[in-house]
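What follows are several structures.
Consider the two complexes below, in which subunit A is the common component and subunit B and subunit C are the respective partners.
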Partner chain A sequence: MNEIVASITSRGRVLAALRGEPVDRTPVVNPTSVATVELMDLVDAPFPDANREPELMARLAATGYTELGFDTVMPVFSIIQESSAIGCKIQWEQKDNWPTVKMREPIYETPDDIDVPEDLLERPDTRCVLEAIRILRRDLGEDVAIIGKTMGPWSQAYHCFGVEPFLLLSLDDPNQTRLILERFKEATIAFGVAQIEAGADAVTLPDHATGDLVSGEYYKRYLQEMHHEFAERIPGPIILHICGRTVDRMDYIAQTGMAAFHYDSKNEPAESMAIVDGRISLVGNINNPETLFAKGPDEVKEEVWKNLDAGVQMVGPECAIPLQTPIENLRAIPQAVVEWHAAGGRPTTASAN
Partner chain B sequence: MDVLGSNWRRVELVPMDPHCGDITVALYRADEGDGPVGLVHSYSARPQVVERLAFLVEAMRVLAGFEVVGGSAAGLVRFPCRTWHALAARRAFLEAAKLDPSEPLTARPLQVPDTRSEQTIRVEPLGGGAYAVRADRVTEDTPSRAPAIAAALAKLAELSVGEAEVVAFPCGHAHDALVALMLKRAQNLRAALREEEMQASRGVLVAPSAQE
Partner chain C sequence: MPELTEIANDFIRQEIDEFVERPDERERLIGLFAGAKPALQEIAAALVDGDDDTVDRLTTNALAAGTAALEVMDDGLIAGMAIVGVKFRENFIFVPEVLACARAMKAGMGHIEPILSDSGIEPMGKVVMGTVKGDLHDIGKNLCIMMLRGSGFEVIDLGVDTSPDDFLDAVEEYKPSVVGMSALLTTTMPNMGKTIDAFIDADLRDAVKIMVGGAPVTQEFADDMGADGYGKDAMACVSLAKELIGVETRG
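Moving on, here comes the complex of A and B:
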C-alpha cells in the first residue's frame, strides 16, 4: 500500500482494494463460502435449505460479517445453483455436506444438446440467489460488501457433460470445445449481471480449469479471451476463482482485466505477487484442509501474515471452507489482519488467545 | 447467542446429532485457573437443546469419569487429574453422543469378550495411571490379543506403552472409566480410525475436477 487512508466501511475497503486503491487496512474477503454447521445452528439456517430459500441463504451469509468479522458476505455457498436451474441432476445432501451435481449422469453429450433455458434467472435456484442478495443489501445496508457468484463455462461444462468426457473432448476436438464454452458463456454473463443489478458489489467467477487437470497453456487457449470478455460485459468487479497450483497461468489471468484472482494455498504469496505484478489483485490463500479445518488460530494467523508480508491485497480462505471448520479459526483471520496493521508489520509473536 | 470467546478451542464436533433434531453439538476446551476444562456446547437455540447437552455431560461423567463443574446445566466437565487428555476427551464425547438417551447410563466394565477370538480381554489397574492388558484362553493356536489391544488403547488415548502390555496415562492418575470406554473401540482400531476419517471428510468441498 502506498498510502493509508482514513477509516472506511468494510464495503468501502473491499471496493477500494478491488480497484487497486489504498485502504486503511487489508480487507478480509471471502469470495467463496464461509458457512459452517455451527453458524447454521446459530441462525437456524441449515443446509440444504439455506441453498434454496432466500431468507435462510441471506441469514447464513450475513454471519460472515456479523459473527466472523469479515468485510464481505457471500450467499452463494455452493457451485450448483445454475446447474440446477439448467436441469442437471443434483444431490442436495444434508446439513453437513455440500450439494453436488451428479456428474456421472450428464445431461448433454454434444454441443447441440446445450439448451440453457430462456428463463434461467427465473428458475428457483437462481432466483433464490438474486433474492438473497436483495435481502442482504436491505438488511446490511452499505456497510458490508456483498459478493455474488456466477459459474464460468468450463465449470458448467464439467457439470453438464461430466468431467472426463469434457476433458477428453478438449483434447480431441478444440472446435467442439470452444462451441460448448461459447454456448454456456451467455449464462455466466446473464447471472453475473443479474446479481450486480440485485445489489452485489462484485461477483466471484469460478472456472475450474484447475492446476491438477488443465495446464496454463490450456487456460490461454480456451479461456483467457473469454475471461477478458466477462470483465468487459459484467458491470462490476470480477474475482476469478481457480483451485490448485496456478502460477503457470497467473500471467494470462492478470491480463484479463478482472479485478482479482482468488488463489489457492498451493501458490506461494510472494511468488504469485511477483507474477501478477500489480495487474490484478490477489485474494485468498489461507489453507482450508490443513490449517483452517485442522489447526488452530495461531497457525491461521501465521498464514495471514505471510500474505500481508507479501503485499497481497485481500486475505481470506482459499476456497469454500469445510463445513466443520472451527469458528475460532475463522475469527483469527480478521484478528491477524488488525494485529499486523497495528504492529506496522508482522507482530513478533502470535498472540496466545 | 454469542459466539464463544477466543479462549475456547474446539476439541470435537458432531455435525448432525441424530438424537436431537440434527443440531450440531461440540466439545470445547479452555485453560482455566484450576486446569483445563471442557464445555459441551451447541449454538442451536431449539428448546430441547438444554436437556440434550445435560445428557451429554452426564454421559461423559458416567462413561468416562469426567467431573462435572458447576452442575450439568453449565455444560462444563474436567478430568479428575486436572490435566487434559486430548484424544481421550474427543473419543469420550463422540461415544457419549452416540448413546440412545432413552437408555440408562452405565459405566462399562474393565473386561470385554474379544470380537476376533474366544478370549476375554481384561484391564487391571496397577496404580499411578498404569493398566495391564490381559487375555485369557491363550493357546499356541490362538496367541494373546493383549499386545494388540494395549497398542490400540495407547493410540486411542495417547497412553505410553511399557513392557508386558502395560499402558499408562502420562498424568499418573487412574482413569478406570475412560479405559473401560476405550476398550471396546480398541478391539477394532482400524474401524475406529476409519470412522473418524470419514466423519472429518464430510463437508469438504472439492473442485468438480476432483469429484467422483
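Moving on, here comes the complex of A and C:
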C-alpha cells in the first residue's frame, strides 16, 4: 500500500495518479468534455464557436477548474477536430448540441482513398486545439493538469468510412481493415505528440471499439498492439477512452502500457478494478444520462463513493457530459471526493440527506 | 412437442443447441425449424452465417421450385433472423456479424418483396423510424429496422436528424401504427419529448404508438417524456412493436 503524500497541486495530483504514485486525495479528472450550456453562458464561450476559436475553447475549458473544482481542464469538447481537418463533412450545430461528423456522407471507400493531409496540424480545427492548450497553460500556470485528445484510428475510420461500411469491412476483409488503421495511425500519434509539446500533461485517446458494437476479441485482434505502440510513441500519459461495457476487453487494455482507462458506468467499479489488477489506472465512471443529467448531488456523491470504495484511481464523468447537466451535480464530484477522504472512507451521512 | 433431433439441418441444430438457452425460445425455434422444409432451413443457415450470396441463390432456387414467397420468408429468412437476434442479445455476436446477417436478409428479401407486394399480402404492421433532430447516429436505429423487417413489419426509414415536422408528415403520409425514435446523444434525447409534444399539438398523439430507444435512453426517461414504450435493444424493439399493436410476443 502506498503512503499518502502531503497536499499537492491539482496538476501534481493528477500526474502522480497517472504514474501510479501516491496522492493526497483522489484526483477529479475529466478525460472528456465537461462543457455545459450554463458554463458557456457564464464565460460567454458558446458552441459551436468554442469548438473552433482557441480563445473561446480555452475560456470554456478553464471552467472545469475554476467553476467546477476539477483537477483537470480539457479543451477538446467534441470528437470531430481531426475529422474536420481531414475533410469530413461536419454538422456544426448550435449552442445546445455537439458538432457531429456526417457519417452518412463518408469521404472514403477504400484504404487507398485515405489522404491525411501533410499539414494536418496546421488546419484550423487542429491548430485551434494546440493554441487553446498553449493559452490554458499560459493562463492557468502549473496548478492544473491539461488533458488533450487525439482520436484513435478505429474512431477515425467510423468518421471517414461510415460506421456500417467500416464494421462490415472489418468482418469481410481483415487485411483491408488493418491497412485503414495503419494509415490513420500516424495522424493519431502526430496530433497527440503536438498536444503534449503544446503543453498538455496527458492526452485522451478515444477509440470506440465499444462493447455496444464489437467484441473484446475484436479489440485484441485489431487494436491492442496498436494501442501499445501509441503508449510507446506519444511522449506523455495516455488515457484510453472506450464507451459502453468493456469488462471483456479490460484485460487486453491493461496490457497496452497506457496510463489510464476511462471507463463507462456500464462496468462495475470493483469488477473493473479486479480485472485490470493494478496494470492500468481507471478513471470514471459517474453515469451521465441517469445521474449527472437527471438526478441530484446526493446520487452523484453515491456513485463517486462507490468508485472510491473500489480503489478507482481517478474519478470523473463516464464520458462527455450532457450539455444541459446542472452545475451543482458536477461540483458534487470534487465535494464527494473531499468528504470521502476527510472521513477516511465513505462518510456515514450518506445520500439520505 | 418436437425434438431438436427433428431438425434436418446440422448447422441450425447446432446453433439452437449452443446459443438458444431460454426454454420458451428454444421450444419455439425447434418447433419452427422442425416443421420447415430442408431447403428453407438451408436458407436460414446461410443467413445466420451472414452469407448473402448463398441466401440470394437459395432463395431464388426455393421460389423457382414453387415454394410460396411467404413460406420462404417465414421459414427461411425470418426464422434465421430469430436465431441472429438471440445471439446478438446474448452477446454471442456483435454488430459486424449482425450487419452481415442483415445484408444476407436483404439479399433474400430482394426476391420476396416484389412477390408479396404484387400479391397484396399485408405486413404485420407499419412502423415509421427515425433518429431525432440534431442526431446523426443511426446504427442502433438501423439494427432495429433490420430486426423489424426481419419480423414481418413494413418500416419507413426517415433517416437521421429527423425534425418533429418530418415525423408528423410521415405519420400523415404513411399512416403507421407505431413511430420509433432513436437518439445516441444526451443532447438530443430531449428532442424525443419535443417530438411527442408536437404530436400532441397536432392532435395526432392518439393516432400512433410511440416507442423510443438509444444508448442513453432509459425506461424512466421514456416514461417522463410520455412515450408508449422503451426498447433497450433491437430485439426488445421488435417485442415492443408487437406489443404496441397487440400482437402476441413469443420469446
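The rule is simple: the second predicted complex is superposed on the first by the 349 of 353 C-alpha atoms of A that agree within 3 Å, B and C clash if a C-alpha of one lies under 4 Å from a C-alpha of the other, contacts with A are read in each partner's own complex, and residues count from 1 in each chain.
Assume a residue touches a chain if its C-beta (ideal position, glycine included) is under 8 Å from a C-beta of that chain, and two chains touch if they have at least 3 such contacts.
It should be emphasised that the depicted structure is a prediction, and the values quoted were computed from it without experimental measurement.
Chemist: Mind checking the superposed model to see whether subunit B and subunit C fit together on subunit A or clash?
Modeler: Result for subunit B and subunit C: clash.
Chemist: On the A-aligned overlay, A:67 touches which partner chain: subunit B = first, subunit C = second, or both, or neither?
Modeler: first
Chemist: Give one of first, second, both or neither to describe whether A:159 is in contact with subunit B, with subunit C, with both, or with none.
Modeler: first
Chemist: Taking the superposition as given, does A:327 touch the first partner, subunit B, the second, subunit C, both, or neither?
Modeler: A:327 sits against subunit B, while subunit C stays out of touch.
Chemist: Identify the partner contact of A:171: answer first if only subunit B is touched, second if only subunit C is, both if each is, neither if none is.
Modeler: Only subunit C is touched by A:171; subunit B is not.
Chemist: For A:310, select first, second, both or neither according to whether it touches subunit B, subunit C, the two together, or no partner.
Modeler: neither
Chemist: Quick one: classify A:120 as touching subunit B (first), subunit C (second), both or neither.
Modeler: neither
Chemist: In the overlaid three-chain picture, which partner chain does A:215 touch, first (subunit B) or second (subunit C), both, or neither?
Modeler: In the superposition, A:215 contacts subunit C only.
Chemist: Once chain A of both complexes is superposed, is A:179 in touch with subunit B (first), subunit C (second), both, or neither?
Modeler: neither
Chemist: Given the touch rule stated above, what does A:96 touch, subunit B (first), subunit C (second), both, or neither?
Modeler: It touches subunit B and subunit C both.
Chemist: Have a look and say if subunit B or subunit C is in touch with more residues of subunit A.
Modeler: Larger number of subunit A residues touched: B.
Chemist: Overlap the subunit B and subunit C contact sets on subunit A and report the shared residues.
Modeler: On subunit A, the residues that contact subunit B in one structure and subunit C in the other are 96-98, 100-101, 103-104, 163, 212-214, 243-244, 288-289, 293, 322-324.
Chemist: Note which residues of subunit B are touching subunit A in the complex, please.
Modeler: Checking each residue of subunit B against subunit A gives 1, 3-4, 6-10, 13, 15-16, 22-24, 26, 42-46, 200, 202-205, 207-212.
Chemist: Over in the complex, which subunit A residues touch subunit B? Could you list them?
Modeler: 33, 37-42, 44, 46, 67, 79, 94-98, 100-101, 103-104, 155, 158-159, 163, 208, 210, 212-214, 243-244, 288-289, 293, 296-297, 319-320, 322-324, 326-328, 331, 335, 353
Chemist: Sort out for me which residues of subunit C touch subunit A in the complex.
Modeler: Per the stated touch rule, the residues are 50, 91, 94-97, 99-100, 103, 134-139, 142, 159-161, 185-190, 215-218, 220-221.
Chemist: For subunit A, which residues count as touching subunit C in their complex?
Modeler: Going through subunit A, the ones touching subunit C are 91, 93, 96-98, 100-104, 163-164, 167-168, 170-172, 211-215, 218, 243-244, 288-290, 293-294, 321-324.
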